[in-house]
Structure formats: C-alpha cells, structure tokens
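Chains here go by letter, A, B, C and D, matching the order in which they are written, and residues are numbered from 1 within each.
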Amino acid sequence: MNTVRFAMIGGGTGAFIGPVHRTAAAIAGNCQLVSGAFSRDAASSVETGESLGLNPSRCHSDWRKLIATESRLPENERAQFIAIVAPNNVHAPAAIAALEAGFSVLVEKPLANTFEAASAIRDAAARAGKLCGVTHPYIAYPMAMEARRLIAEGALGPIRRVAVHYVQGWLANVADGADKQAAWRLDPAQSGIAGAFGDIGTHAFNLVERLTGEQITHLCADLRVTVPGRALDDDGAALFRLSGGGSGTIVASQVCAGEANGLIIAIWGEKGALHWNEERPDRLRFARGTGPQEIWSAGVDRPYLGSVAKAATRLPAGHPEGFFEALANIYRDFASTVAGKSVSTPAFASLRAGIRAMAFVQAAVKSSAAGAWVSINDQL
Amino acid sequence: MNTVRFAMIGGGTGAFIGPVHRTAAAIAGNCQLVSGAFSRDAASSVETGESLGLNPSRCHSDWRKLIATESRLPENERAQFIAIVAPNNVHAPAAIAALEAGFSVLVEKPLANTFEAASAIRDAAARAGKLCGVTHPYIAYPMAMEARRLIAEGALGPIRRVAVHYVQGWLANVADGADKQAAWRLDPAQSGIAGAFGDIGTHAFNLVERLTGEQITHLCADLRVTVPGRALDDDGAALFRLSGGGSGTIVASQVCAGEANGLIIAIWGEKGALHWNEERPDRLRFARGTGPQEIWSAGVDRPYLGSVAKAATRLPAGHPEGFFEALANIYRDFASTVAGKSVSTPAFASLRAGIRAMAFVQAAVKSSAAGAWVSINDQL
Amino acid sequence: MNTVRFAMIGGGTGAFIGPVHRTAAAIAGNCQLVSGAFSRDAASSVETGESLGLNPSRCHSDWRKLIATESRLPENERAQFIAIVAPNNVHAPAAIAALEAGFSVLVEKPLANTFEAASAIRDAAARAGKLCGVTHPYIAYPMAMEARRLIAEGALGPIRRVAVHYVQGWLANVADGADKQAAWRLDPAQSGIAGAFGDIGTHAFNLVERLTGEQITHLCADLRVTVPGRALDDDGAALFRLSGGGSGTIVASQVCAGEANGLIIAIWGEKGALHWNEERPDRLRFARGTGPQEIWSAGVDRPYLGSVAKAATRLPAGHPEGFFEALANIYRDFASTVAGKSVSTPAFASLRAGIRAMAFVQAAVKSSAAGAWVSINDQL
Amino acid sequence: MNTVRFAMIGGGTGAFIGPVHRTAAAIAGNCQLVSGAFSRDAASSVETGESLGLNPSRCHSDWRKLIATESRLPENERAQFIAIVAPNNVHAPAAIAALEAGFSVLVEKPLANTFEAASAIRDAAARAGKLCGVTHPYIAYPMAMEARRLIAEGALGPIRRVAVHYVQGWLANVADGADKQAAWRLDPAQSGIAGAFGDIGTHAFNLVERLTGEQITHLCADLRVTVPGRALDDDGAALFRLSGGGSGTIVASQVCAGEANGLIIAIWGEKGALHWNEERPDRLRFARGTGPQEIWSAGVDRPYLGSVAKAATRLPAGHPEGFFEALANIYRDFASTVAGKSVSTPAFASLRAGIRAMAFVQAAVKSSAAGAWVSINDQL
C-alpha cells in the first residue's frame, strides 16, 4: 500500500485527542505514523512512541527537534506531513516551522490561539506552497457530507434559518475543571481570547458554513462566564446572518449539566429541512414540505447516497460507524491530497476555513462586549 | 354534575380553534356550552350552534348581543364565563364588555392585538373583580407541568441556559397564505404589530416563564419578513436573559418548510437538563449530571409524578393523551376557578402572564428595529 | 346536531374503561349518553349517572331493567344503541337481551368470556338484524388505519412476516393484582379461558388481521402462569401463519415489569416494512427497500394520507391526538352506522372479527396445552 | 508495544468481513497482521497482502501453506494466532490444522458448517491445549456488555421473557442473491444446514445466552424458504425456553425488505426490562418497574458503567463508537488472552458457545421439520 508517513506533535500521556487521532489514522488505511514529539518530557515521549512501535530515535521532547531530525531524513523515509494536536498556543509556531521546513501540516482546530497567529500560518503556507488543513471532524461524518450535498443541489431551496447547538456538560462545575483537558482550555495564554466559543463554537461555525455553502456574515453574541473564577466564556449564544439572506442562532456551552457532546443542527429552507445530531451521526432527518419525514442512513449499500457520503462510509447500513471513522476520513483525504491525489470534497477543513473560524471567535468576543452586531468579514 | 356554563365568541364555520376549544371543553367534564356568537353571519352562527345542540335563541351574530342577552338570563341559566376565540383585534372590546357585564373571560392568546388593548382588559378585569385567563395550551400538558415542578423544586439547580424553538412550515410559501387562518394572522389591523412572534413566539415566551418560574428581562431580537409582500414578521429569533441570571435563545418561525408544530424546549441548569418536545408531549427527558438520561412519562399510574401532572392526566401510561386533553385541562381549571374551587397550579395563563406576553412582543419589535438589547419590563 | 343516543352497561365508580368510553363518546361529537346501568349498586349507579347529567330515572342497578325501561320509551327518546363495558361474563347475556329488544350493541372486547357465548351473540344479532360491534381501539388510530390502507394497496407487496408484541407490566407482581381491574381479569369465571392472551392478545390478533387484511390460520402457542397462584396465563407467545403465506410471532404478557402499554407491530413484505408503536401512535415508520425510511404522521393537513386516516384525525400534524380520540373514532363510526350512514372502513371491529378473536384464544389455549400447531379456523 | 502477531485465512478482494476484521485489529491496538492466505488465487492474495504492507513471502493462496510456513518461522516472528474469515466449510479443516500446528485460532461465526465439524474443532483444541474463540461481535458492544452485567447483578430479577429479532433485507429478492456474499451463504455445501438461522440466528442465540447468563434449553421453530429456488431457509422464527424458567421468541430473517441490520433484543424480568438495538448501539434502555425509563450511554466518562463496558469504550459519551470498535474489542481481548493476560469477561465467544450455536441450528432445523419442540442440549 502506498501509505503516507506522518509525524505527530502533542498527544502524549494524558492527552485526549492524540490517541484518537492515531486510531483514526490507523482506520484511514493510507497513513503511517513514523515519528513524534508527543510530550515535553523526553522519557514520556519515548515511552509513548515505543508503545506505538516507533523507533525511539524518532521520538522527541521538542517539536523543533522533530522537525529538524525529520528534515534530514531521506525523502522516502521522512514524514510527509505533520499532525499538530498540542495546545492552541503551540499551533502557530510549530505549524510555521513545519511548513517552512517543507512539510504539509494538519492542525487540530482551532487553527491558532489568536487571529494574528492564524494569519501567520496562512502566510507561511502560502510562502512554502505546502498544504495546511484543519481537523473539524463533524463535517467528516458521512451524513453531514450528505446534508452538504443535498443543500448544494438545492434540495432545501434557499436557506432561511439555521439553528446549531453545541452543548456539553463537562465543565458544569468548578471541580470539573481540575483535569488536564480543562486547564489549558480555560487559560487565555494557551487557549486564546475565547473559551467555549473557541473550543466548540468554532466547530459549530464551521459546520454551518460547510453545510450551507454560505458565509456567516454578521453576528450578535452574548458570551458569559458562568462558573465564577474563570477567565474565559464557558457558555454563550449568538444570532447570525448568512450571506444568502438567511438567519440563524448558535449556542455553545460547556456548562450544560446533563449533556455529553450535544451537537445538533437544523437547517430550514423554502422547500424543506434537514436535522442532524452528532450523537446519532449515521442518520439524517430530511423533511420535505408537508411530505413524510425521511430518515437517510449511512452505509455503502444505500443507493440514494451521494458519492462523497458513500466514500466516507465503510460498512453496510445498520453497522454503525462513529467518531473515529469520521476523523479517519479526514486523515484519509489529507494523506491522499499530500500524496498528490485529487479529492473532490475533502473531509478536512481548509486553511481559509480555519482562518474564518478565528474571525468568528474575534467577532463574537467583540459583539458580546459591545452588545451589538459585528461583521465577521471585517475581522479578516 | 356541577357543570359550569359558558358562551363562546368566535369559532364558527372555517375557524380552526373554535371546534378545538369545544372538544376540549367536552373532555374537561365540568363545562357546558350554552350560547355563542360564532360568526358575524347570523345564519351561520345559528347553524353552528344548532349543530352543537344549542337553542337558536342563544346563537348570535354579534358578540354585543350575546353579552346583552346572557346578562338578562336568570343566574342559574346564564353563562358563567365567556370564551373568546375570535381574531386578536376582537379580544379587547369583547373581553372588556363581558367583564363589565359581570362575566369571567377566557381569552385565546395573545391577550389582545396591541399592548394598550391588553392593558385595557387588565384594567377592566380589576374594576369588575372578575377572572380573566389566557389559553397558552402547551404548559397544560402534564409533562410540561412536571418540568415546571422539577425546576421549582430545584432538580436542575440554578438555570443557566434555555433554548426554545417554535417552528412551523404552514406559511412557508406565498400560496400557503391564501386561507382564512393565514389571512388575519398576517394583517396588522387584526393581528397586531407582530406576526410569527405574536402568534407563536408568545407561546414560547410563556412556556419559558412558566417552566422556569423566572422572568425574561431583556432580549435582543432579529425579526424578518421572509416571504415578500408580507406586512409582519414570519420568522425571527432572539437572545434573552432571565431574571435568575441565566440566558437563552428563542426561535419562532412559520416559514420553516418541513415542520408541523415544532415546539421544543431545553432547559439547562447547574445540576441537569430537561428536554420537552410538544410533538411527543407525554415524555420528558431529564438528564442529571453524568447519570443515565431519564424518560419521564405521563400517566395516572406513574408514582413519581407530582400531583399537578398526575391530575392533568386521565389514563395509565402508554395510552397517549394529546393536544385536546391539554386544552381540556385549561377549561377544567378555569371552570373550577370560576365555580369557586381552589386550583393550586392552574393550567390556564393569568392575566398578568398575558400582559407580559404582549410586552415581550413589543420589546422584540423594538429590539429588532434597533439591532439592540431591549428591556421587557420597561414595556410594562 | 343529529346525535345518536346511547346507554351504557357497566362503567361505574372504580371502573377504568367506562369513563374512558364516555369521554370518547363526547369527543366523537355525534353521540349522547342518555341512560345506564353503571353499577350493581343502585345508589352508585344513580350517583354516576347524575354526575354525568343524566336523569336518575334512567340510571339502573340491573342491566335488564335498563333494557326494559328503554324499550318502553318513545323512539325519539330511547337509546339507539347500548355500549357494554362490564366484565366479560356479562357481555353475552346483556348483549343478547339488548339485541333481542331491538338495540344495536357496541361491546368492549373480548366479545364474550367463552366461544359459545360469543357464538350466541352472533346468532342473536343475526336473528334481530341489529348491528353489533366490538371495541378494539388500536386499529382506530389514524396511523394504524393508514398502515391498513398502504398494505391493502400493495405498498409492501406480499406480506412475509409480522411481529406483534403487546407487553404490559401492571400484573408483574402478586401485589399488583390486588385491585379491581386485576381481579376479574384473572378470574376464569368472569374472564374466560385465557388471561393475558384473552385480555390483550386478542387486541394483537385483531390488529394483525385488520392491518394485513389476511387471516391468521394456524398458531403454535406457549402460554404460562408466571406469578404463582394465578389461574390464567399472565404471559405467552405464539408462532403463527397467515392465509397469504406469511408467518408471524405474537407476544402477549402482563408481567413484563418496566412496560406500560407496549403494543408494537412490524409488518414486513417483499417490498418494504411498516412499524407502528401504540405509545407513539401518530407516527408510522415506512421502510421501502433500501430507500430512506419514511415517518408518516397523522394530521388533517398531511396531503399524503388516505381518506380514512385523514377522517380519523381532527387536528393539523404536530398537535398529537391519542387514545381517547382513537376510541372516539369507534363511537363516531358506530353511531353513524346506527344512524344509517354508510361508513366505508369503520373503526369498530365487526362481530365476525370478535368471533375470530375468540377462536384465536381457544386455539392458543389448545395449542399451548398440546405443544403443537393448531388451526384457528377449525375452532369456528 | 507488545503487539500480538496474527495471520488471516480468507478476507481477500470482494470479501466483506476480511477488511472489517483488519480494521478492527488496527483499532484494537495490540494486534499486528503479519501473514495471510487471503485468496485461493495466488496473485490476488499477494496483492491483498502488499496493500496491507505485508511481505509477499507471507502471502499465500493456500491456508495449508500459510500454516506450514508460519510454523517454520522463529517464535518471535511467527503469527501467534490465526483468524479464519473464510466460508463456513473452510472453518473446520483450517482451524484444526492451525490448532494442531500450535496456533491459537479466532474463527468467524458460525464455528463450522456442520455440528460434527464444530465438534472436531473442539476436540482438536482440547488436544492442542490452544485457545479457540469465535467472533460474535454484538455482545462486544459496550452497552451489550453492560446489559450482561446488569442482569448478572440481578437488576431485572428473574428473567421472564426475551424477544430477539434479527431482520435484514438484503436477500429480499432473487436478484439480491447474485453477489458473492449471498452465493455461499445460500449454498448448503459451504454454509451448512441452515441459511438465515445459521448466518444471523446464531448471533441472536449467542446474544441471548451471553446477556442472560442462561441456556436456551428447548425451542419450537418455523423456518421457511421465502424466495423460490433457495435451498436454505431465508426466514424463520422460534419460541424458546430458558434454563432459568423464562421464555422467549427469536425472529431471524434476511428477506425483510426495508431492514438493514435490524438486531434488537428486549429482556423482561420481574423487576424491569432492558432494550438494546444494534443500530443505536451506544444506548441501553433500562426500565425499572413503574419508574422513569433510563437511557444508559457508552463513554469512558459515564461513572455508572461497569468496568467491562467502560473498558470496551474509548471515547467520552457523545462521541459514538460503532461496529469496528466492537469487533476491535474481540481482537483486543483475544490477543491479550493469547499473550497470557487474564481477561475477566472476554468479548470473544468461547469454543463452548460456538458449539452451542451449532446445536441451536441443528435443533431449529429438526424442530421446524417436525413442527414440535426440540431440546437443544440433546444435540450436544
């Protein structure tokens, strides 16, 4: 198999998203992890690497060292892209260094901790002529891809209204914030200017723009710190307007006790509606006018699915696939693109989409402070 | 049986809500329709009344005539309350006349077509010392009542966020507006200053205030006319703040193709969440922290239900009850109150709640025009 | 209104189904209760009748007295049909007497406590030339009616398999059997030769035959007494074969703790499947081949519904109707038929269907005792 | 990482289950595919192997050659177990040869095509003292494991009734049988004495015995050939009895048009019920008496889950896992056991369970032919 070699920055012991990315890459079937800077602690990084079957010489405690070492390897041995799953403030320096060293880069969202940092990544990618992608995994589910296709093909008619909720409960109480995952997300130095709106609001924003094929042009936000003592918003909502004339609402909260990973989106148009719920990702509810509601399902054997959704599925209907497989679609498409294959509708988010998500966060923070509508495109 | 006699204004041939109210009153078991001004056409009013078993002498084409005639009847024959289900602009004159003639009045929401008219009803009721209630039927479902109880008893802890959507599709296209139902709702002279926000946004507003036991203090709205040529909003959304410190979003639209009567509400607190969907009204989803989600069900045989929910139910669990039975709870409680019985948590909305809904509409229209936050209580 | 007058036998204080029938009749809109033998206790019967607005002279403690008294009234005053909601052993004597006195009769299922008694009713009806119907309310839900239509029109192709479960939990424990409802159901003298299979298995049987339009020809049953001390089955299941060549399974149990009124049916054919769940009665799931699943909804505004389903619905989609409204459809259609109107697909069960349900019970008891397949038609 | 090396027999181009097993093994994290006899065509087998990064010298066209070659490799290079995913008639000869050569064996269900062949595998494993497991993936889902725990701990009380349906539609029409998957399943020489009951009925059987911890002792089956021309049952159902005194029904069909992979199970006990649906595998519905229904969810962050379910999960609640991850649990546990680690409740099925599934098939075929109850244990 022509597998594509990759390195990983971040994702050591105690990290949530690193092992998830590695499993996804294993499912993708066209990626091979060859090196990493998993932890700032050298022993820990080697330990992680060895547990993955890596040569200790390719396990580093410093991402600069990783990039330097990989750069010196022969072309048929060195990593072909670098996946960055470290905290947000590491994204820009690591991504820029990697791009400048000639590597393609796949960055866990958000693209960076500040809009300026994100812009610097964009400029570095342009200078290097290298691919830079962002991992917003929710669009990578087959039925989200199918929703995108249906809307693009006009199944809903002009979009009138969107409602997206991304509500979690894991930061509902102070005590919940004690672990490693929470700590950096609530620290402005590592996380950026927003908390929940940066961490998960960006997923919701990206999903709206990918599914509708439109831009969110303006928003009016109301961000809050719910749990006393936090420096960043842990809850918020916004009204927004779409470039095609429609309107919407977004809710992003990490203090909604009782919720796990409650990402739901409803899109209403002149002719019908689509409803998708990440917690039941292999279904898409499609309501056409006053006709029966339709439940579309993922599965390689569903004749009605578009080619992108079908290619994002591995099993017949009724054999559920989940989060790992969605993220695997991103790795598969990113590796294919790095390998020079054309991918019509890639599952990974573009650099431009990553920049727009940063502008969304900046606009939301400004709007909430002012209690007024703010243009997102003015941030760019 | 000590039934309570009532008259009806509106609800003739072609009306939607009139026959629904009459069926609800029949289910209530303690109400008896004795007279009506069902239509401005005399023959039609008599025809409607006769089909209901009424004496033609008690069927009128003019509500003034109805009130005058009933007033002259002996106390043990005349209507004890008057239900008003005519278009919004008729509510105030009819209600005020009825109150002044000594009748209690049950008004279909919204209380009136303008805030001033609603205030005049309030003043008339105060002067007359008579009961005036408003029919917001959704809180009258047993499991909405149960949600109210759980929140009042602290099951969610302090409320942090509310999301309420009331989305319908029946006005999605111009052609849909051709019938009698749509015509008066989109005519400012009959309907008032708001379309969808007045017609169904008020239900959502009332549900939030009844369920949470809090006030919506401020909102920032974005109302729209989606279908060209309409004089009133057919779609809109708002951010809002609650008196207890929480926040929320409301969506009210009648142009969401694919939707029937999509009223859903989610209430998140520090300890858990409640989810209720009017289209599956006998269930209440209760999520406590990271515990299993619970599905609470209506039914006289469910030992965990509070007394109000249980009293609002007629059958054992698994024998669904619906919209008629919810509205029947309003008739039952209103008639009981008129008859002098104490009802601890009545299913009907109070005059004060009706006035607040009018203030909500006024604030939403102002906010949307200004693109800014507006206080609801400042409208009062 | 041309209402049809009716009397009721049974349904006094403490009865479950009597008040339910009366509410249903009120919703039907074309029925008027005029007299009753609600209880064997004279005072109690009068009390029930008075609470319903009846003249005490038309409230009796003995159904023979009721029939005699009504028979003597002028034609334009006396009851036009008699509803029998007393225990099973009363069905036959009361129904036969009523039929012989010239009344049409609507009998709560099962038609009688023994097959012989049921046959005697049939013969009496034939002699009298009067209408006799049975109340199996589940087919009377709009979406069950719609399933019937879809199958009749060939939407599933030939039926291959049916699975019907009717599982309740209210007799799960001995202590649960202490109330009035349980006592007569578990007493062979009142209830007949079967417990759960007679009480609710007959509903399931009737639903299969009504929905498929076929006969269950043979069955192989396994009935059990789960809770020690009971004289009749409280749980059981059977394999069965359909006249059209398909097969099926039926489960009927009243000792399944955790269940309320769990009646679900799945019907699979060569072209697709239908799934209906009585606890969510306004939805019908229709799966065609490998296409999207469709959720069909009740509602007067759903253009795709057949005329019978639409006529069985009172409200637009999204305003749920429930058990009372289903039973109301039975009263409406029975009263219309009594009044001489033609009803194309009546919601009530025919006398023939009631007899077949008795044969089903007899076959199930025989089959279970023998551990072998038994023909149902051989019972007739 | 201490990965466990394994070889695969079957699973070449066009096979469904082979690639699925390989992806599962990749997710497991402790398995490494090192060799295979993927196809009887040499070039095809090498091509499959190379696409998986295997050395062509370890890719064979004959499983005998694979076993012989692996046997000669040094202990630290050769496969530690062999996964057999070839058609049913290959299971026994390949498994026996592998066991005799000293390899542990993981066999795709059913264990063999005949009961005798299955017994021979059992004997070979006993002689060799090697581990032999069977892949029934459905119990390997976290929430199926959790159901098993709840029942074992008495949460339902004594089991009274079980209903399991496994209904698929992919063989609904003759034309559907044209592909490679269908051909061998409907050929008695390759598949054995049963079609649907062998292919998927065995999954249902295994699930019942694993979840309840009881044996199905007797059954009364009704198998059918629905589509003319088929040699084996494509549809069937059975009544059964459990060793603990309860009863049940099983439906297994591959001709139910409209179904994908409809495996649902309901288990009712004296105290409550559990409902699980493979198409929504991360949820378990738990109904206790007349209390609220509870929805238990998979997820490493759900504190209420037992240790086995939690260990079978990789992500926090709300990030769905699916079929691949369930099968990965089987590979993980089998590899761990091969490596000498103790696994308290392994996800794979034991040899004994595999034998019992064969006895179930034999009993079902006999019972259906005789139209009578048959003992399963008498087959053993």
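Definition applied: contacts are C-beta pairs under 8 Å (C-beta built on N, C-alpha and C of every residue); 3 or more make two chains touch, one makes a residue touch a chain.
Predicted model, so just to flag it, every value in this text is computed and none were measured.
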Task: Of all other chains, the one whose Cα centre sits farthest from chain C - done: A
TODO: Could you compare the number of C-beta pairs in contact for B-C with that for C-D and name the larger?
DONE: C-D
Task: Computed distance of Cα centres, chain D from chain B, in Å - done: 55
Task: Whole-Å gap between the CA centroids of chain C and chain D - done: 43
Task: Mean-CA-position distance for chain C and chain B (Å) - done: 35
TODO: Could you tell me which residues belong to chain D and also touch two or more other chains?
DONE: 259, 286, 290, 293, 297, 301, 317
- [ ] Using the touch definition up top, name the residues of chain C that touch chain D in the complex.
- [x] 156-157, 160-161, 163, 165, 167, 169, 172-173, 220, 222, 224, 226, 235-239, 241, 247-249, 251, 253, 255-259, 266, 268-273, 286-290, 293, 371-373
Task: Touching residues on chain D, where the partner in the complex is chain B - done: 286, 290-297, 301-304, 317
Open item on the list: Quick check on the complex: what are the chain A residues that touch chain D?
Closed with: 1, 3, 16, 19-20, 23, 26-27, 29, 50-53, 168, 170, 259-262, 278-282, 297, 299, 301, 314-325
